[in-house]
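Two complexes are shown next, each including chain A; its partner changes from chain B in the first to chain C in the second.
Right after this comes the complex of A and B.
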């Protein structure tokens, strides 16, 4: 077990030039040993944030603390972090053994010492025989592991991963997800993982930060983020959501009552994080898998009669598109939707617990 | 569609035009030159007689001026190439790593701009500018920095300046091409793993630029060692370099076989120095 350290980001900001703000007053504290994922579309500032933690990018404003120590101005070579790049950045002119031993060599270990440690790392990643090869002779998955070994051999307290599985094919990627997660638990160090792949984020992370425009849109466990997306952006970025708009007519402790032109009255959960104003227009979301059809829809708080339009084959389950009104479509998911015929009238319904009021995005 | 060479299972077919060219303009004339170096000059001194002899080689080794000229050429070349490598590398590095992308081509253009005038014109202009009665010497004397001679033209300092500027351009261009292509995240990875700016240079940039650098060194060596213009215009006519001895033997003594002997040594030297450099510079990854 290596020693994990907590990280504190205080008002971290990155500006490029005068107009571009890549990361905007970002605050986050990451406890030691956490697997934290920065998730967001390209250009949301996740990689820039990661690079600032590594020290590869100057911080325009704010502070980065590792284990209570301000490292904001410290160059990357004197930080207790190690970064793994998407294309692995293995040195093409060095052998695999030299690549892995590089960090140790720079720490003053003798050739025989660092080669011995590098070989141990190769055994650890279960590629004991590739030490003499060059990076160009390895497959993508092998390179990925070698890059991981090169980062881990210097015993960082924080490992930064910049879309490390992005270049692998789907099959290998899923296997590496499991492996990475297991590895993180075994070595016990803090992982900060950057990805735009929501499935990857959900399956590996202890906590996810959904980023947008250089800010955290929502922070929470995968379960929280999936079940209770705070904004429309999060709702659509993580999985799929049906979003609808209604006017708030009544608010109780646990419920918000809205009117909707097609669904009539809608009952939604009263959100905890923010307050809803009476008379305002709000957006609400319901997951396709939480919508029941026909018999199942009976007795649900929300619902309407709709017409089935299209079938979407997704393998493990069935989805279909239904039209609620002329301009409004919904996605419904469930084992029985496949049985429906096209243009058939269907009763859909879902409970108040499954309808979430979304926060305004322009806070 | 398969190419003809592939269809006939003779992939070398495509190399034929180039090989014919190589034979007519390089291999055969060069072989003839080597042969001539073993022939004799007629007693009247005008004709080459195809009589085999080692006399030219004896004479070559027994003339002290030849040895001096050879060594002089070696050290002039050594200094010129070294200076060119150091400054060319600095130029390539600063253009590739410090200049914003949109200015890099311009930066490179500035360095290679002198190439657009012929070497002899440049050498002549330096000769005019740097000679003892030229503007630089006069200026330095008038502000009291210099008393006596500037000592550039008519010494081989001038030759080294002229040749090293040539090497600088070659090194800049070929090193720039390779280091521009080094992925930046290799440098970042090296920094991240604990490297200082210097170790990153030593461990990553230098080895990865070696393929371009070695070619530049070899090319610079070939040009400097055989150059006749710079030592003649800038180095004065008294301390002769190897190429001048060869030309002298041709134009003053009309001794063609002897000149061919000089040429053979020139070629052998270039071969022995540049071949290992090029072989060492091959990418092995």
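Right after this comes the complex of A and C.
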């Protein structure tokens, strides 16, 4: 077990030139040993934030603390962090053993010492025989592990990973997800993981930060983020959601009653307590898998009769697109939707607990 | 049929390009005082004459000193310039790049003349050092162009990975950047060497008594036709070709890896 250290980001801002703000007053505290994922579309600032923690990018404003110590101005070679790049950045003219031993050599270990440690690391990643090879002779998965070994051998307190599985095929990627998660638990250090792949984020993280325009859109456990997305952006970025807009007519406790042109009356819950005003419009989201059809839809608070349009086969379950009115489509998911014929009239319905009020995006 | 014609055409063009050089090599082996076809008798006597020519050795040594030094220094300067011109982003970067390689597009005779005037203004002695400086004006831009090409393919994440693992700038330069750049560095040194070794106009304008090999050839021809010139030409040609081949080989090997 290595020593994990907590990280504190205080108002961290990155500006490029005068107009571009890549990361905007970002605040976050990351407890030691956490697997944290920065998730977002390209250009949301997640990689810039990671590079600032590594020290590869200068902070325009704000502070970065590692273990209570301000490291904002400290160059990357004197930071207790280690970064793993998407292209692995293995040195092509060095052997695998030299690649892994490079960081140790810089820390003053003798040749026999660092070679021994590097070999131990190769045993650890279960590739004991590749020490003499060069990076060009390795497969993608092997390179990935070697890069991981090179980053871990210097015993950092934080490992930063910049889309490390991006270059692997889907099958290998899934295997590596499990492996990375297990490894993180074994070595016990803090992982900060950058990805645009929501599935990766959901399956590996202790906590996810959904980023948008340089800011945190929502921070929470995978379960929280999936079940209770805060905004329309999060709802659509994590899985798929049907988003509705209604006019508020009644508010009682956490229940919000709205009118909707196609569904008539809608009953939604507001568990996060976003401010909702009578007479204003509000956005609500319902997951496709929470929508029941025909018999199952009976007795639900919300619903309508719709027409089935298209079928999307997704393996374990079926998904179909239904049209509610001429211009409005809905996605419904469940084992029984496959039985429906195209253009068949279907009754859909879902309960108030599954229709979540979303935060106003402008705030 | 079309294929054969194409082959014939290509062969003719290559022959036309190399015929003068082949002629020169052939004449270096004649016994006659003046080169004429058909060659009546063969001899190595002009090689022997050159062997005894003290001036030739001096000129050859001068040329090797100037070309060797200039090609290394120009490559070092070009390396640093190309490094910063590709690594950093700043306003006017492409303008600066263009500005730095402009000397390549100036006719050599103008370059030579302006340098002569410039040095004369400051009363600098014209010797091998001024030739060296003059060659640098052309060779530094050449190095920048050669090295910049390879720098543009350098994965900067490698440099960052080295920093991240604890290496400082100098360490990273020597252990990570330089090994990657090596083929282009070798190529740059060799190509610059062939340029400087053959260069006549700048050297002619910028030296008085310490002459380089091309000047020696020129003066030999000017005073009265000396068949040793064919021998020098043959030697210089073979030397330049082998150096140029080495340079190409080095650059190509680099691009493949």
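Heads up, the rule we're going with is that the second predicted complex is superposed on the first by the 361 of 363 C-alpha atoms of A that agree within 3 Å, B and C clash if a C-alpha of one lies under 4 Å from a C-alpha of the other, contacts with A are read in each partner's own complex, and residues count from 1 in each chain.
To be clear about the criterion, contacts are C-beta pairs under 8 Å (C-beta built on N, C-alpha and C of every residue); 3 or more make two chains touch, one makes a residue touch a chain.
Not measured: the values here are computed from a predicted model.
Clashing of chain B with chain C is the outcome of superposition onto chain A.
In the overlay built on the shared chain, the residue A:135 is in contact with chain B alone; chain C does not reach it. Judged by the touch definition given at the top, the superposed model places A:198 against neither chain B nor chain C.
Contacts of A:215 after superposition: neither chain B nor chain C is touched. Of the two partner chains placed by the overlay, chain B and chain C both lie in contact with A:87. Only one of the stretches 5-13, 59-67 or 221-229 belonging to chain B has C-alpha atoms clashing with chain C in the superposition, and it is 221-229. Chain A residues 54-56, 75-77, 81-83, 85, 87, 89, 91-93, 102-103, 106-107, 136, 150, 154 lie at the interface with chain B in one structure and with chain C in the other. Put simply, chain C touches chain A in their complex at residues 155, 157-158, 160-168, 171, 175-176, 179-180, 257.
Looking at the complex, you find that chain A touches chain B at residues 54-56, 75-77, 81-83, 85, 87, 89-93, 102-103, 106-107, 134-136, 150-151, 154. Interface residues of chain B, counted against chain A in their complex, comprise 183, 185-186, 188-196, 199, 203-204, 207-208, 284-285. Of all residues in chain A, those touching chain C in their complex are 54-56, 75-79, 81-83, 85, 87, 89, 91-93, 102-103, 106-107, 136, 150, 154.
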